[in-house]
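Letters A, B, C, D and E mark the chains in the order given here, with residues in each chain numbered from 1 onward.
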Amino acid sequence: MIAQFLYGGAGILLFALGLWSLLVHAPLLRKLIALNIMGAGVFHVFIAIAHRGDALPPDPVPHALVLTGIVVAVSATALALALNSRLEQGENEPEPASSPSPGPRIHMQPALSTEPSSKGATHP
Amino acid sequence: MNRDLSLLIGILVALLAVVLLWVFHSTLALDPGQRLASLAMERLPETGVSNPVTAVLLNYRAYDTLLELGVLLAALLGIWSLGPPRPGFQRAGPALAAMVDWVVPLAILTGGYLLWVGGHAPGGAFQAGALLGAAGVIMRLAGHANAGLPSETWQRWLVVLGAGVFTLTGLLLAFTGYGFLTYPPGQAKWLILLIETAATLAIGVTLAAAYVGGRPQPTAPPPPPLVTSASAEADR
Amino acid sequence: MSQLLTWTTLLPAAILLSSLVPGALIFLLREESHVLRGVLNMAGAIIKLVLVAVLIWGVFLGVVFESRVTIAPGLDLVLHADALSVLFVTLSTVLWLVTTIYAIGYLEHSPNRSRFFGFFSLCVSATVGIALAGNLLTFVIFYEILTLATYPLVAHRGTPDATRGAKIYLAYTMAGGVALLIGAVWLRSLTGPVDFVEGGVLAAMPEALHPQLIAIFLFLLVGLGVKAALFPFHGWLPQSMVAPAPVSSLLHAVAVVKAGAFGIVRVVYDVYGVEFASQLGLLTILGIMASFTIVYGSVMALTQDGLKKRLAYSTVSQVSYIALGASILGPVATIGGMVHLVHQGIMKITLFFCAGNYAETLGVHKVSQMDGVGRRMPWTTLAFSVGALGMIGIPPIAGFVSKWYLGLGAVEAGEHWVLLILAASTLLNAAYFLPILYKAWFRDPPQEWPNEHVFDSRFETMGALLWPPVITAALCIIAGLLAAAPFSPLEWATLIARREYQP
Amino acid sequence: MDLILLLFDAVLLITLLALALAAILSSDPRRAVMLFIAFGLWLSLVWARLGAPDVALAEAAIGAGIGGALMLAAARRAARQQTSDRGEPS
Amino acid sequence: MTTDSLILPIALPLLGALLATALPRIAPLLGVLTAALTAMSGLWLTGLVWVSGDLSIVLGGWGLPLGIGLSADGLSAALLAMSSLVGLGISVYALGYFSGSERGLHFWPLWLLLWTALNGVFLAADLFNLYVMLELLGLSAAALGALTGSRDAVSANLRYLLVGLLGSITYLLGVALIYTAYGTLDIGLLSERVEPSALVSTSLVLMTAGLALKAALFPLHFWLPPAHANAPAPVSAALSALVVKAAFYLILRLWTDLFATITDAGAAFILGALGAGAILWGSWRALRAERLKLLAAYSTVAQIGYLFLFFPLLQALPPGPARDDLFAACVLMAVTHGFAKAGFFLAAGLVQKKAGHDRIDELGGAAQSMPATTFSIALAGSALIGLPPSGSFIAKWVLMQSALETGQWWWLIVIALGTLLAAAYIFRVLSRAFGQEPTPQCFITDARAEIPALLLALASVALLGLAAGPIWSLLGFEGVQI
């Protein structure tokens, strides 16, 4: 029981650490790392509560959930990185003329700007 | 992000963490509660596999795994919809090129083993697929432009294979009266193996294609033959 | 339509659909198919007239007409024809027929006519819906649809000040709509479904709720006052005179403005009940607002040089007669108010038709340009004179009858100050109408009219533009002379008053 | 006996948190990704200790492996971007 | 037989997506065919629920605690029917919108995956399964949003993806805590076992926060306007009408089903207050938006605010006919907004395609030359404002009535202000349609694109406005019979 709390607590700390980093750090890569660490934290909580002491075999259901979670996290990270590389690619070339919504580029807050903290965030 | 704002966020997040920890502790102190473990364990023989995690993944909660393959596909389609892969692709140094010749087949072999052993020991479709994907990544790093993946049409069919076999099996079972993804007692093992093989292939190709990072180009030029180490030094 | 589909349940819905269906079809018509559009319009108008005739006969015999559609449990769309609704339905149906003829002539070469006539029919259906509404929810629904349908008509021309006028119109009516909605929901939450019942439903409410009922009445009054152009909320009416003549004649003389007045009458008589309303002191509030508006409207009309603006302010004051009639406790005053609902409609529409004729034929928009108009367009100016004199209240034209009954009712109810108001407004009416008549008949015309069109018809202007005002002028005279005849507006108003005041 | 086990668990967890903190705080993209991969591998070790071999294998192969490789490529690009910016300020 | 009808709305679009991926050349044809089949299966299921009440099965034949349950009650059937019809409309519209363009090939598989996720969310009865569905929804929506490839679209959708991930992970932590305490993931079982405790309220807060982030509730809405405004028209219609609605549906499901005994007035009031903030802020920003699609996106933020106003009132009313009416009104508002917003965005897409831009101030010519499109914008707009002929008017009527009955009269002021602001920004767009340019000769100019937009807008106004009764009977309430 102590081990469960110890490990579960570590998972929650990881979640908090990731949340703080996500809200504070601007560059995308750091946000992604933060998100992955948060995900790892939650998965860690699942694995911790699956552990039923060293005698009994652990509970397989959370293991399956975490497995699915890992694959989902990796696919989301892959898509985010692809979007980001597309963004960087777009930065040094002129904007492709063919995009159907050539509306004047209203002042868009660049994606990498600080993630407004979740309390009372107002989009400028 | 100035100092004191990040500090404020830090304090608030720390507060949240303390609350979560306290709540987590109070629930664990109550009783560990009857998890699904015991139930899952006792009905394990009926699932056709002896590894409990694979049983949950592909039998008890097969629907989750099906959708998770969908998530993987969605990510890949998103990557492909963004256009061709990045131009910044350099040829690898000789050390990696030499390593590829034996690492890739080994990875594929281990993947196959993991797939087979998944039935009764730690392993299974995802780990095997990951190894295949890793093989693709290494080939991409070693110089193959399309990470050893076949042409676009093949890639599209392979990527769809996993979820396709899964859904079709499910529908077949549903229409033959068993119910969606309810395996008949006898053939559970073989059906699971069939689905796992398809899923492994699909996951492997998807992860490799995701690493390539763009729509597969029609005819990727094969990498130039291995040059002697001297000229390789020159163009690093 | 869960109950028996007999003709008594189908008639109200048929009346509503008789203008809704042609309207929807006209929307889809191509711009050039004039004949088909004309046929659809006229067919719709005539069918509705026939149906309304049957309705009048039925209601006179005491038959109950009601079609009820359950939108959602507890929320019913009810079309119920009682004596009061028939009065308003007849008025709007007759005048819609006349105005359609006028509009077809008026918009001969202008673009976007499919759109215009589509929204025109939609608007009349909304007006009929308001008239036939059986409960407060249906009333609010059609009240808002009227706003939606009239906005495109006011903005029809597309000129910058047309859109500006439409925007002001929208701002007022939307705010009014929200106030009405809040009042209606508040009332509904207190009393459950509010069906209009002759004699009112709220009399039996417990004592504790009275302050809330007063607050609700204020909300309803604000909502209805906007469309009835009561004093503080009348700003939109003069601004929306930019609309084409048929629009300002039908809508701002009959449909929109009357919807507000009709709403006030409904709320006072069929929701609160007139005795309970006076007991709560609501009638005095209404009376004060109405009287102030009457005087204010007439004074403002004096200052306006634009002919349509002057008529607009005259409408502001005239409509408040109806509210004044409703605010005096007593059957005779009620009759006066009700009958004025019809009389003011036919008189004002005549005036607007004539104003449209002057603008269309001679390009005359201002009162100062109206010298010698009588010689150039005798028939139109004759109709204008009939309307104007009727407004002042000169017998035998219809206006006199309603003012007479209002005065009589006021005396009977002991509200002598109302006589003062009536006298003052009659003088003011004379002050702003008689100079126009004098200019039109006794001044020699200018050498050259500002923007003269010569139509190739035997008379002074196009047939479709000339006959409608003449017909409505004749109606004014008939309504005045034959007031005592059966099925005249006066007789019908007496029938209503008798049913409202029965013990 | 379980005191040593507890000690072992504590060491495992402290290293885990240290790695996570290092990965988050390092500003250089490549270093951050390296630390993140290390964190992933260490996490799979912890899970192996908790009796979850399947998940440990998956985390190592997919989480640290493929995820790490993807991020490494992105980090290299980000680093090259920074050098090219600092090299000749465009 | 009923088990199949529950799984078809999910399996069909998934199969269609797989085929569309494998055979890119005939993806549009496959797409529309699958859309028709999925819509039919969705409506068939709604019919079944209408006839025989709630349906639920457990997949895999292992019984509840182990297997994953699928359930369709009145609420999910109503939203399923809405998403089927809106999805069909969007698919037909997309056929014309993307015809010939290379992007079209990428649209279809992702769109069908999104549809799978939507139906999955509406039918799921398992908390972790909902997590996977939300992820699939978020990923495919972000990928679809970035389809135009322009800088704004890609950066907006990158931010949307990150926010979506944050939301899902927070939700997952809530699920982890619930599993710690009660050891099962099925909503039905949990709703019986859950009793008020610190853990349960914490997990409720976490799950609601995660889902509120995905539903763009007021302070957490910053990601929505750029993502929805820069996406191609059919995609932004799907995003605004359906994707955001799914997150709201989940919160409603959690608050009224799973945590019914836990939620207290204070928490519900916070949701209501955030909703009120959303209404005022969203409408204000919509009024000041220069572009039509940005206006529509901010109006989504406002409309979501309306939906959240229902929570404090649902909390205050004791179970009974009044509460049933309010719940049905909430469903009616969600369904009407789905139709209206989809119609609005499709029409806005047409205007943008015709005029080459969607800056509101210069839209005169385009709006004038496409009467059918402008008419559907007018109809959809009147439904967004909540004017009478529309379903949202009835929902607003019941909402205001319950606000008065429960004594929480202050919501009335918010609704009144919201209605006026909505009228202002909708008619700001419509007033552009009355210019001097002559209108074309006929009403419909481009049938394949205009008919879906017109029908969707018409559904929100005429169909739901005059016949909202079926919503009540679908939910199994017979309503207030005084």
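What we mean here is this: contacts are C-beta pairs under 8 Å (C-beta built on N, C-alpha and C of every residue); 3 or more make two chains touch, one makes a residue touch a chain.
Predicted, not measured: the structure shown is a model, and the values here were computed from it.
Participant: So which chains are sitting against chain B and chain D at once?
Facilitator: Common contact partners of chain B and chain D, which must touch each of the two, are A.
Participant: Kindly list the shared contact partners of chain A and chain D, in label order.
Facilitator: Under the touch definition, chain A and chain D have B as mutual neighbours.
Participant: Farthest chain from chain C, going by the mean of C-alpha atoms per chain?
Facilitator: Farthest chain from chain C, going by C-alpha centroids: D.
Participant: Measuring from the mean of all protein Cα atoms shown, which chain centre lies nearest?
Facilitator: Minimum centroid-to-centroid distance belongs to E.
Participant: How far is the middle of chain A from the middle of chain E, if each middle is the mean of its Cα atoms, in Å?
Facilitator: Using C-alpha averages as centres, the distance is 25 Å.
Participant: From the mean C-alpha coordinate of chain C to that of chain D, what's the distance rounded to whole Å?
Facilitator: 78
Participant: Where the centres are mean C-alpha positions, what is the separation of chain A from chain B, in Å?
Facilitator: 18
Participant: Express in whole angstrom the distance between the two chain centres, defined as the mean CA positions of chain C and chain E.
Facilitator: For chain C versus chain E, the centre distance works out to 42 Å.
Participant: I need the residues of chain A touching at least two other chains; which ones are they?
Facilitator: Residues 8, 13, 15, 19-20, 25, 32, 45, 49-50, 57-58, 63, 65, 67-68, 70-72, 74-76, 78-79, 81, 83-86, 119 of chain A each touch two or more of the other chains.
Participant: In chain D, what residues contact two or more other chains?
Facilitator: If we look for residues of chain D contacting two or more partner chains, we find 52, 54-55, 58, 62, 66, 70, 73, 77.
Participant: Indicate the residues of chain E shared as contacts by at least two other chains.
Facilitator: 128, 132, 135, 139, 142-143, 146, 149, 154, 173, 179-180
Participant: Okay, what are all the chain pairs that touch?
Facilitator: Listed by label, chains in contact pair as A-B, A-D, A-E, B-D, B-E, C-E.
Participant: In the complex formed with chain B, which residues of chain E make contact?
Facilitator: That would be residues 3-4, 7, 11, 14-15, 17-19, 21-22, 24, 57, 59-62, 65-68, 103, 106, 109-110, 113, 116-117, 120, 128-129, 132-133, 135-136, 139-140, 142-143, 146-147, 149, 154, 173, 177, 179-184, 197-199, 202 of chain E.
Participant: Using the touch definition from the top, list the residues of chain B that touch chain E in their complex.
Facilitator: Residues 19-20, 22-24, 26-28, 30, 33-36, 39-40, 43, 59-64, 66-68, 70-71, 73-75, 77-78, 80-83, 156-157, 159-160, 163-164, 167-168, 170-171, 174-175, 178-182.
Participant: Taking the touch rule as given, give the residues of chain B at its contact with chain D in the complex, in rising order.
Facilitator: Residues 51, 53-54, 86, 88, 114, 122-124, 126-127, 130-131, 133-134, 137, 207, 210-211, 213.
Participant: Spell out the residues on chain E that touch chain A in their complex, using ranges where they run on.
Facilitator: Those residues of chain E that touch chain A are 128, 131-132, 135, 138-139, 142-143, 146, 148-159, 161-162, 165-166, 169, 172-173, 176, 179-180, 209, 213, 219-222, 225-226, 230, 232, 290-291, 294, 352-353, 356-359.
Participant: Mind listing the chain D positions that touch chain A in their complex?
Facilitator: Against chain A, chain D makes touches at 6, 9-10, 13, 16-17, 20-21, 23-24, 29, 32-33, 36, 39-40, 43, 46-47, 50-52, 54-55, 58-59, 62-63, 66-67, 70-71, 73-75, 77-78, 81.
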